[in-house]
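Heads up, the next two complexes both have subunit A, just with different partners, subunit B and then subunit C.
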Partner chain A sequence: MDLLSLSFVLFLAVSLAAYYLVGRFSQRAQWVVLLAASLAFYCLVGRWQTLAYMLACAAVTWAAPLALARMDARCKEERAAAPGRAARRAAKAAWAGRRRAVLVAALLACFGILAYLKYWNVLLYEVGLAASPASLGLLLPLGISFYTFQSVSYLVDAYNGRFEPQRNFLKHLLFVSWFPQVIQGPINRYADLGPQLLEGHSAKDVPVRRSLLRFGYGALKKYAIANMLVGTIDQIFSNVTPDIPGSVVVFGILLYSAQQYGDFSGGIDMVEAASSLFGVRMAENFRRPYFSVSLADFWRRWHITLGTWMRDYVFFPFAVSRPMRALGARASRLGEHLGRTLPACVANLLVFLIVGLWHGAEPHYVAWGLYNGLVIALADLLAPAFRRANEALRVDTGSRAHRVFCVVRTFLVVNVGWYFDRIYDFGDSLLCLRNTFTNFAPQQFSLWLSQAGVHGSAIKFMGFTAVACLIVFIVSLAQERGVDVDGRILGWNCVLRGLFYCMVIGLIVVTSYITQNAAGGFMYANF
Partner chain B sequence: MRTSKERRADAASGGAPRSWRRRIVETIVVIGIIVAFDVVCSFALEQYGSLSSVMWSEYRASAGENIDTVVVGSSTAQRSFDPSVLDNALGTSTFSMATPAQPLDDSYTAVEQAIKDHHVRRVILGVDYESLSYENWSGSHVAFARAKMDGEPFSQAVADYWKLLVSPSFMRRADSLCALFPWGYNHVKLNRESIVANVRERMSGDNVLEAAKVVNGGWTYYGRGYGNYDSVIDYSRAREDTSVSIHGLDDFKQTLLDQMTAIAQLCNENGVQLVVVVTPRPAFNVLVYGEKYPEQMSRLQQMVEAEGATFVDANMLHAETYSPQDGDFADGEHLNYAGATRFSQAFAGVLQALDAGQDVESFSYSYNDWDQYLASIHQISAVVSRVDKADNGDAVVSAQAYTGTDVQVEYRFLLVGKDHSTTVIQDWSSSDSCDVPRGSHGDVMVCTRQVGSTADYDRFCMQGLPH
Partner chain C sequence: MDDDLTLDHMIELLEDVKGNVDYENCTTLVDDRVLDSFDILSIISSINDEFDVSVPAKDIVPDNFNSAQAMLDMVKRLVDEEG
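Our next item is the complex of A and B:
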C-alpha cells in the first residue's frame, strides 16, 4: 500500500474517525484504536505471516525489563537483609550479573531474529553455500530493523533504570508496532513516544493543515524527485563496464544523492504527518543534511534517530569501556589530543561498521560504513592540523564563504560514500571511483547514456525533477535560516495557497504517471 | 489593532482562534481552485479524440444495430481483426471493442457491456505476451474509463470511475488518487503546439472520430470500431521493435491469468463462445522470448482450454493456414491494414472450421513441438547487433540473426562513414562478431543472408560506435 493512495487515505480516515470517536467517550481507551490500526496496517502492508516476529520481539523486550525490575526488588530485599557491608556488596554483584545475563539473553534473542532473517542467507551466499542472497526464501518482515532497534533501545533504557517498564503487554506492543514508524522509521524512544501514544488526544488540538502540508511536501519529494530518478540510476549502474566514463558515474551518483534524500526524507515526512494527525509527534529524522559542514555534522542531520541510537547504545558504551580507556591512556603519551580522540575514533569505526551492516551484509555496505567511519575518525585526529592550516592561511572560519566551502566539501565527501552505497558490487564501486578521476570523458557522456538505455525523454522529464529540487532547495534554505516555511505558506491568502497547491499536485500527478513503472515501494521499507 | 502580518503568523501557528466559518470558506475556496485547475487542465491537456473514445462513441452509435461478435483486447487485437472481412466470410455482425493497451479487466468490462446490450454470441479476445506479463497500464485504464463515462448518466459515470479507483490495480497505488486528475494520464505532448491544437480541436465542433483522424496521423477508420494504419515495419530497426526491449521479459502474472479466467467464466455463464487469439507478429519478435514463449504460452493455453474456451496462437499456425508476408506488419507487434485483412481472412477460415466442429488445434504447431516450429522458419526475420569493448579497448560488434534452426546464416560487417562511404571490415563469413579497427568513426552496418544466397543482404541493421 503506497502512502499516497486511496487505500491509505481510507485507512487513515477510518482510523482517525475511530480514534477521535472513542476519545469523545474515553481518552484512556484511545490507545486501543491505535494498536488495532497498527496491527491491521502491518497485516495489510507487510505479510501477516511475519507478524509473529514482531510479536516475539515485543514479548522479549516487554518481559525482560519486567524481570529486571523484579530482580531489582529482590536485590534490594537481599541487601536489606544482608548482615554486613561485604554481604550487601556480594548480593549486589550477584544480582548485577544476573541482570546482565537477562539483558544479554534478550539482546541475543532480538538481534538473533534480525540476523537470521536479514543476514543469514546473504552470508551463506557470500561463502558459496547458497544459490542467491534470497534462495532460502526467508520472509523479511516489514520494518524489522526499525522495530528491533526501537525495542532494544527500550530494553537498554529500562536496564539502565531510565523509566518504569510498561506492565501492559498490549501497550508495549503499540510502542513497537505504531504503524507510521514501521515502514521506514524513525527509531523512536520510549520516553518520547510511549506517553504520547497512551495519553488521549482531541481532534481540535491537532495541526491538521500543517500535517497535510507536510504530507504533500513528502509526496513531492518521493514522487517528483526519488521515483523520477530511480530508473535512470538503475540503468547507469546495472551494467558497469571497465570503460564507463567518469562523467556518467558522477551524473549517476548526483542523481542518487537526490533520489536517496527524496525517497527517505519524503517518506519520513509522510509518516510524520500521518502520525501527527493522531496528535503523536515522532522524532525528527532529517534536518537538511546537504547543508552539513562536515561528515560528522551530516550524520547528525541524516537519519538522525539511527545516529542517536548508535551514539547512545554503541558509541558511548564502547568509547568509555575499559580497553578503550587503556588505549586512550597509552595514546596520550604521544599527545594529549591523540589520547583524547583515539578511543572515539575507534568507536566511530565500530559504529559505522554496524551502520553499514545495518543496511545490509553485502561487502559494499560494509565498505560504505567503514568509509564514513574512517573519514570522521581522520577528521577528528587531524583537527589540530586543519586548525593550524586555517590559521596559517588566515582563513576566516566564521565567514559565509567558509561555510559554503565546508558545505560543498561535505557534499563531495558524502557523494564519494554513495559510490559504495549505490554501486552494488564493491569492485565496481572502486572502478567507478577510479574512472571518475582517470577517465572522465565528457564527450562520451550522451552516447554512453543512450547505450545504457537512458533515452532523451528520460532526460527531458528530469525537468519536472529539477523544478521539485528547486522547491526543496528553497524550502530547505529558508528553514536553514530559521524561517517557519509551513507557517508562511499557511499564512498566505487562500487563493495564493490554492494556486500553490495546484502546482504541487500537478507535479505529483505528472511524475507519478511518468514513473509508475520505474519504482517500487520506499527504499528503506525492509531496513 | 493587530497587523495583517501578526494575523498571518497567528493563523499559521494555529495559535489564534479562527472562526469556523472563515475556515470553511477558505477550505471551499482552496478546493474550488483545485477543482477549477483540474477542469481547465483536463480541457487543455487530456487527449481529445483518443481511440478509446472513438470506440465507445461508435459503439454507442451502433446501439440499434445487431452485434453478435465482439473483438476485445489491446492494440494488437485492435489492429489484427477487420470486422468487415470476418463478417463477409462468416455472415456475422462484428464490432471491435479493442483499444490501445486495453488491460484484461477492461476487456472484461467491454465484454460485460456487449453481452448486456447485444447478447453477443462470440467474443474474440486478442492477446499478446505482454497482455499476460505486464500490469502497469494505468494510463489506458483511465482513458478507457473516461471514454466509457462520456455518454453515460452522471451517476453511472461516477460509479464507473469509483470502480476504477478502487480496482485492485489502482487502490493501493498513487494512481488511485492521481487519477482524480485524469489529464495526467492521457495527455497530449506537453508543448505549446500540441496543447493549442488539442484545445482548438475540442472547440472546433468536430466529433471524436474526426479528431482522432487528426490526432493519429495516418490512421484510417474503417467502421465497426476498427481502424488501422498503412505503415510498414523497417526490419533494420528490429532491436527497438522487440517487445522485450520495450517491456522487459517476465513470466505471466497470476493476477492477469485470473482476469483471463474471469472473462472465460463470464462468457461461460452467458453462453458466449470465447476464442482467445495470440495475435500475429514478425517471427523475430516471437524468437526473442526464447524458451519462455512456449513455456508461458502453454500455461495460458491450458488455462483457456480448462475454461472451455478456444485457444489459437496465430504465430504457431501452419503455413497452409496462415503465413504472414514481410509487409504485413506495421512494427514488431502490430499488423497494418493489408496485414490485418490477410490475417482476418485466414482467421475466418479457422472460425469456420470451429463452427463446423473441427479440431482447430491441428492447425497449429504445439508448444510441445517447439523445435518443429523453429524448423518451420525458412527466412531470416531480422538481425540485431550490439557493441562491446574488448579488454584491449577495441570495439567489438556482435550480431544475432533471428531465424529458424535449419537456416545457415552468414554475416558481413561494413563501416559506414559520416559521408555515407562504406568500407568492408569483415566480409561474408559465419562469424557473428567483428573487431572494429581502432579510430573508426560512424556506424557499422551488419548484413546477413542465407548461405548460398548472392543477395546483398536478406536483412541488415546499423550499429552506432561509442567513439
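Our next item is the complex of A and C:
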C-alpha cells in the first residue's frame, strides 16, 4: 500500500472515522482502534506471516520489565528484612545480578531475532556458504530494525526505572506496532509516545490543515525528487567500470544525496502527518541536515531518533564504562584534551560501526559507518589544532561567510560518505572515489550517460525535480531562519494559496505519472 | 567534600569545559543543544575528578544536565548514594 494511493487514503479515512467515532462514546477505548488499525496495516503492507516476529519482540519487551518490577519489589522486601547493612548490601547485589541477567536475556532474544533474519544469510553469503544474500528465503519483517530498537529502548528505560512498566500487553503492542512508525521510523520513546497513544483525542484538537500541508510537502519530496531520480542513479551505478568518468560519479552521488533525503525525510513527513491526524505527535527525525556545519552536526539533524538512540544506549554507556575511563586517564598523561576526548572518539567509532551494520551487513555499509566515525573522531581530536589555525589565519568563525564555508564543507564530506553507502560494492566505491580525483573527464560525461541508458527524456524530466528541489531549499532556508513556513502559507489569501497548492499537487501528479513504473516503497523500509 | 558541592564550584567546573555560556540562568543546556554529547562526557569526567563520584550511564539524561543546578543536585544525590 503506497502512502500516496487510494487504498492508503481509504485506510486512513476509515481508521480516523472509527477513532473519532469511538472517541464520542469513550476516549479511554480509542486506543483499541489504533491497535486494530496498526495490526491491519502491518498485515496489508508487510507480510502477515512476519507478524509473529513483531509479536515475539513485543512479548519479550513486555514481560521482561514486569519481571524486573517484581524483582525490585522482592529486593525491597529482602532488604527491609535484612538484619544489618552488610546483609542489605548483599541482598541488593544479588538482585542486581538477577535483574541484569533478565535484561541480557531479553536483549539477546530481541537482537537475536533481528540478527538471524537480517544478517545470517548475508553473513553466510559473504563467507561463501550461501548461494546468494537471500538464498535461505528468510522473510525480512517490515520495519524490523525500527520496532526492535524502539522496543529495546522501552526495555532499557524500564530497567533503569524511568517509568512504571505497562501491565496490559495489548497497550504495549500498540506502542511497538503503531502503524505510521513501522515503515521507516521514527524510533519513538515510550515516555513520549505511550501516553499519547493511550489518552484519546478529540477531532477538534487536531491541526488538520497543518497535517495535510506536511503530508503534501513529504509527497513532493518523495515523488517529485526521490522517485524521479532513483532510475538514473541505478543506471549510473549498476555497472561500474574502471573507466567510469569522475564527472558521472559526482553527478550520480549528488543525485543520490537528493534522492536519499527526499525518500527518507519525505516519507517521514508523510507518516508524521498521518500520525498527527490522530492527535499523536511522533519524534522529529530530520532538521534540515544539509545545513549542518560539521559531520557531527549532520548526525544530530539526520535520522535524529537513531542518533539519540545510539547516544543514550551505546555512546554514553560505553564512553563512561570503566575501561574507557581508564583509557581517558592514561591518555590524559599525554594531554588534557586527549584524555577528555579519546573515550568519546572510541565510543563514536563503535556507534558508527553499529550504525553501518544497522543499514546492512555488507562491507560497504561497514566502511560507510567507520568513515563517519573516523571523520567525527578526528575532527574532535584535532579541534585545538583547528582552533589555533583559525586564530593564526585570523578567521572570523562567527561570520556568515565562515558558516557558509562550513555548510559547503560538510555537504562535501557527507557526499564522500554516500560513495560507500550507495555504491554497493566496496571495491567499486574506492574505484569511483579514485576516478573522481584522477579521471574527472567532463568531456565524456554525455557519452557515458547515454551509454549507461540515461536518455535525454530522463534529463529533461529532471526539470520537475529541480523545481521541487528549489521549493525544498527555499522552505528549508526559511525554517533555518526560524520562519514558521506552514503558518505563513496557511495565512496567505485563498488565491495565492490555491495557486501554490495547484503547483505542488500538479508537480506530484505529473511526477507520479512519469515514475509510475519506478520501484515503489521506501528505502528505509528495507532496514 | 560537602563544602565543595556549591553552585559556584559547579559553574566554575562547567566554564572550564565550555566557556561563553550563561550557566547561572540557562535551564535548557541540553534541550537547546548548548551542550553536545562530547561536552557532557567532558563534564562527567570533570565531575569524576573534582567530586570523586562516578556518573552512571542511566543518569545521563537531559533533565540532569539542562542546568548547573540540576547537575549539582545529581552530584549531591550520587554522593549520598555512594556514601
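By our rule, the second predicted complex is superposed on the first by the 527 of 527 C-alpha atoms of A that agree within 3 Å, B and C clash if a C-alpha of one lies under 4 Å from a C-alpha of the other, contacts with A are read in each partner's own complex, and residues count from 1 in each chain.
Quick note on the criterion: contacts are C-beta pairs under 8 Å (C-beta built on N, C-alpha and C of every residue); 3 or more make two chains touch, one makes a residue touch a chain.
Remember, it's a predicted structure, so these values are computed and weren't measured experimentally.
S.K.: After superposition on the shared chain, which partner residues are touched by A:Q444: those of subunit B (first), subunit C (second), both, or neither?
M.R.: A:Q444: touches subunit B, not subunit C.
S.K.: May I ask you to decide whether A:F426 touches subunit B, subunit C, both, or neither, giving the answer as first, second, both or neither?
M.R.: A:F426: touches no partner chain.
S.K.: State whether A:G498 touches subunit B only (first), subunit C only (second), both chains, or neither.
M.R.: So A:G498 only meets subunit B here.
S.K.: For A:F111, decide between first (touching subunit B), second (touching subunit C), both and neither.
M.R.: Touch status of A:F111: no partner.
S.K.: Return the chain, subunit B or subunit C, that is in touch with more residues of subunit A.
M.R.: Touching more residues of subunit A than the other partner does is B.
S.K.: With the two structures laid over each other on chain A, which partner does A:F405 touch: subunit B (first), subunit C (second), both, or neither?
M.R.: Touch status of A:F405: no partner.
S.K.: Should A:R488 be classified as contacting the first partner (subunit B), the second (subunit C), both, or neither?
M.R.: A:R488 sits against subunit B, while subunit C stays out of touch.
S.K.: A:A344 contacts which: subunit B (first), subunit C (second), both, neither?
M.R.: After superposing on A, A:A344 lies in contact with subunit C but is clear of subunit B.
S.K.: Once the structures are superposed on A, label A:Y513 by its partner contacts, choosing first (subunit B), second (subunit C), both or neither.
M.R.: A:Y513 contacts subunit B only, not subunit C.
S.K.: Would you pull the subunit C residues touching subunit A in the complex into a rising list?
M.R.: These residues of subunit C touch subunit A: 33, 36-38, 40-42, 44-45, 48, 54-58, 60-61.
S.K.: If we count contacts the way the header does, which residues on subunit A are in touch with subunit B in the complex?
M.R.: Against subunit B, subunit A makes touches at 1-2, 4-7, 9, 207, 209-210, 223, 241-243, 444, 447-448, 451, 484, 486-492, 494-495, 497-499, 501-502, 505-506, 508-510, 512-513, 516-517.
S.K.: If you look only at subunit B, which of its residues touch subunit A in the complex?
M.R.: 8-9, 11-14, 25-26, 29-30, 32-34, 37, 41, 136, 138-139, 165-166, 170-178, 181, 183-185, 190, 387-389, 391, 393, 464, 466-467
S.K.: Please give the residue numbers of subunit A that touch subunit C in the complex, ascending.
M.R.: Answer in residue numbers: 160-162, 296, 300, 311-312, 315-317, 319-321, 325, 328, 339-341, 343-344, 380.
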